Amino acid sequence: MFGRIGAVMGKELRHILRDPRSLTIIVLMPVIMTFLYGHAMNLDITDIPLGIVDHDHTSRSRQLCDSFTGSGQFVLVARYPDAHAAEEGMLRRETVLTVVIPAGYDRSLAGGPSRPVEFVVDGSNSNTASMALGYAQGIVSKRAVETAVTLLGTDRARRSDGLPVSAETRIWYNPELRSSHFIVPALIAVILMMASALLTSVTIVREKETGTLEQLLVSPVRSGELIVGKVLPYGFLALLDGAFILLSGALVFGVPMRGSVVVLLVYTTFYIMAALAIGLFISTLFSEQRVATFGALVVTVLPAFMLSDFIFPVRSMPVVLQLVSRIVPATYYIPIVRGVLLKGSGAALFYTNGALMLGFMLVLLAASVLRFKPRLE
Amino acid sequence: MIAPACPSAPPDDETAIRAEGLTRRFGRFTAVDEVSFTVARGEVFGLLGANGAGKTTTIRMLTGLLKPSGGEAWVVNVPVHDHPEEVKPRLGYMSQKFSLYEDLSVRENLTFFGGVYGLKNRELATRRRELIALFDLEEMSERITGSIPVGHRQRLALACALIHRPPLLFLDEPTGGIDPVARRRFWRVIAELSREGTTVLVTTHYMDEAEYCHRLGIMRAGRLVATGAPSELRARHGAASMEEVFMAIAAGEQE
Amino acid sequence: MRSLRVISHLFRKELIQVRRDHQLRGMILGMPIVMTLLLGYAITRDVRDLPLGVLDYDSSVESRHLVESFRHNETFAVECNLNGPEDLRASLDAGTIAAALVIPARFSTDLARGSASEVQIILDGVDSNASLIAAAHARGIVQSFALAQVRKRLAGRDLPDLLPRVQVLYNPELVSRIYMVPGVVVVLLTMLTSLMTGLGLVRERESGTLEQLSVTPIRTVELILGKVLPFVGIAFFVLTFAIGICIVWFRVPLHGSIPLLVLFAFIFLFNTLGLGILVSTIARNQQQALFMIWFVLIFGIIMSGLFFPIENMTEEMQLLTLLNPIRYFLTVVRELFLKGSGMATFGTELTGLLTLGPLALMFAGLRFSKRVK
């Protein structure tokens, strides 16, 4: 039996090495993705283009401007004569945020009539806008707080900002605040799914199309051996891919490995098995390669990328999509990778996840076998 | 033994097709090697040979599908090797694969190719009806091409090649995979076309079909090794059938 | 004119084929629906409803007020009360909470005495982007709380408005949807036109009918137009559908001019069609064509600014995106939807598309005619 499985595996490996498509997905894609995410897939927002409108022209207002330009988060690109001009600039995509300092700002800080600073924000990209607002509000609030303290009349400040209550924020697991730490683990999930599910489904359908599957079924190879032999090489190669991405993430972007490699390996194997089972199942659904490719893409890569909590939080999605997310194996795998890599989590935390992935694989395997069998008779 | 090349005749109205030293190389492989022959108007000329002898490549050079690596191809005095566009309205072509639109119906295929050859509505409709009747495709006319039997598809492919009444017909292995009865019927149509003045160049690897041609060219490994009428060739090699001619030539080459 | 007749025959044939190809139809209809759903509903980077755990050592009226202000803010969703530092760590590790609020025991007493106290907010920083935004929100909440305290003490005295006023243009509620949904138009148009053109041409090559056509008097220009025009037609149909969905279903209004959008779509189509034609000269069968186009599109879309802002990319990458027609079209579509900008602001985009489009088409067309001969 192992001899026959070995023969099928050997043939499959030769196919893979000769087919530009499989090579692209297994070799080229991980390399390109790794390169891309470091340089293009970046969620870290810096150098936000800033505009300033200063109606006050006092030393205090200039100080405020300086705290913006000196913050390191903004880059001053324009000074506008008034808010209207600032809006026009925003229309021309020159700035994301403009600070409008009203006349009388200086005096308001000394107890005069209230003259709040105004922010005009380009809300198109809500994420960038929120970030810009967050930074800007932080800068302005320092001043506001000093004013409040002055008005209180007494220097009760024991804390630096002087308000009765202050907040100390701590960010765990990713103190360097690198989005690469966030993206790499999930990228592994996507690449693994592509290499396992997509390729498996397409190759089996190709054999169906060319008729060689029939040929094999007539030979002494049993269908179970055939499936194992065909599918295993993709599993191994997927594992290699995962290792590659992990290594490049660690070496190039400093993604840490705080947990145990063995734990990660075991759970990754579960994930790959689930992915292979998906590929198998898809291959029983289609008889044409063209459609199988398309179907596989839509059913495997797309959900792994969009519905698995990779970059887009599932909890913000409508219920229907949240439910769909539950049957995407990547949803269970990504927290494991992130946990092991960044949080040093142990195996015990993920028993349910692991069990679900295995269960997923078994269900799909059964379904595939059921669909496969009638054909054989 | 290689047949002497046809004397280089000056272009005239009676020569429909003239190949002069046609050569085609693919990398280091020479598929067609200095092939020369002529086909008179109204003649049925058969290019005979085994698979891979270079027949298809030759016919594709003559229809302008392939540019020769060397030599010249003249079709009704048009230099096809340089300016194939001029001759296209006047030739009909049927490929080995019966290149038809599998997802269109029989009728839709005819309509399409008729339109592409510039037939206008009423003319197109009339011609289409004619061809459907002539080729006995009435029953199948609304059926999707991919689903009709191969014999009918062959007839449809020929009909599409004839829709614009071309004076020249190029057929590449038109009877591949067709049963003997259908084949005989096919050749009857060809004979009729030839009688009406159509020049027909056919390639085939079926030896028995040689008898249906006025003249033959026998190809072997890219070379034209013999030309002449079937009776001539049989006499020349003391053979009773084309198969024997072939064997004789093969044996002769080995000496 | 003869050419027109030939083209119309090609056009008709193409439409018949599209109608009969059930699987292609499934793709054409299915994909827009899937992409629309995903782009409209799944793609969001809004920081909302972060599960928050509360470790309240004080359990006083004041501390509960503070927790209330967190509950009212849509950034956080108060999940549970934590039992202690171990519980906090375990919950953050496991991911059941994304943030934790720690209120010290002396909170209310400090407040009453008038001294300052400090609360701690711990965030799961795996998603650095989200945690930065959440941190800013959290600080803001605490600050508002503190200022409210100050107001109470200054009862009677007028506390000027110290917090800055914020005016958010174009997307006042700061929802991702408004920014992502117009992307539907771009993605659909791009995918459908390049796929259909590429697959359609390869199918002709596969079945040998391309060769058959090259024997006919048909001219290359007529052939390409005849194959491409039906897809352009379908493209505009899809464009209308996509715009309609954005406006009616997702309620993202189109502030800009529709003719301008159509004009840019038309120019953009040169690029996708060029891609389809180019791929058809390289791929040997439909399935290879599908794969190649998908491969190019994936990277084209990643580098277009749809998911990841171009401003965040490195210098080199930003330069590279200048060669990406999808980037230009996406910008135009977004600006038109969100801001109703006029042609004057689209100088770069217009130049980019007008250069890349014809170039792509010319290059592809040349390769195509060489192959056909």
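Just so it is clear, A, B and C label the chains in written order, and each chain counts residues from 1 on its own.
Methods note: a contact is a pair of C-beta atoms (placed from the backbone, for glycine too) under 8 Å apart; a residue touches a chain by one contact, two chains touch by 3 or more.
What you see is a predicted model; the values in this text were computed from it and never measured.
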| item | value |
| --- | --- |
| Innermost chain by mean C-alpha position | C |
| Chain located farthest away, centre of chain A as origin (C-alpha) | B |
| Centre-to-centre distance between chain C and chain A (centres being mean Cα positions), rounded to whole Å | 14 |
| Inter-chain centre distance, chain B versus chain C - centres from mean C-alpha coordinates, in Å | 56 |
| Cα-centroid distance, chain A relative to chain B, in whole angstrom | 61 |
| Touching two or more other chains - residue numbers and ranges from chain C | none |
| List of chain A residues in touch with chain C within their complex | 21, 24, 32, 36, 39-47, 87, 90-93, 108, 113-131, 133-138, 140-141, 144-145, 147-148, 151-152, 156-159, 162-175, 177-179, 181-182, 202, 288-291, 293-294, 297-298, 302, 306-307, 311-313, 315-318, 321, 335, 338-339, 342-343, 345, 349 |
| Contacting residues of chain C [partner chain A, same complex] | 23, 26-27, 30-31, 34, 37-38, 41-49, 51, 66, 92-95, 110-111, 114-133, 135-140, 142-143, 145-147, 149-150, 153-154, 157, 159-172, 174-176, 178-179, 199, 286-288, 290-291, 294-295, 299, 302-303, 307-309, 311-314, 316-317, 334-335, 338-339, 341, 345 |
| Contact footprint of chain C on chain B as seen in their complex | 63-65, 67, 85, 88-89, 91, 93, 95, 97, 99-104, 108, 111-113, 115-118, 120, 144 |
| Chain B-facing residues of chain C, complex | 2, 5-6, 8-10, 12-13, 16-17, 20-21, 207-209, 211-219, 373 |
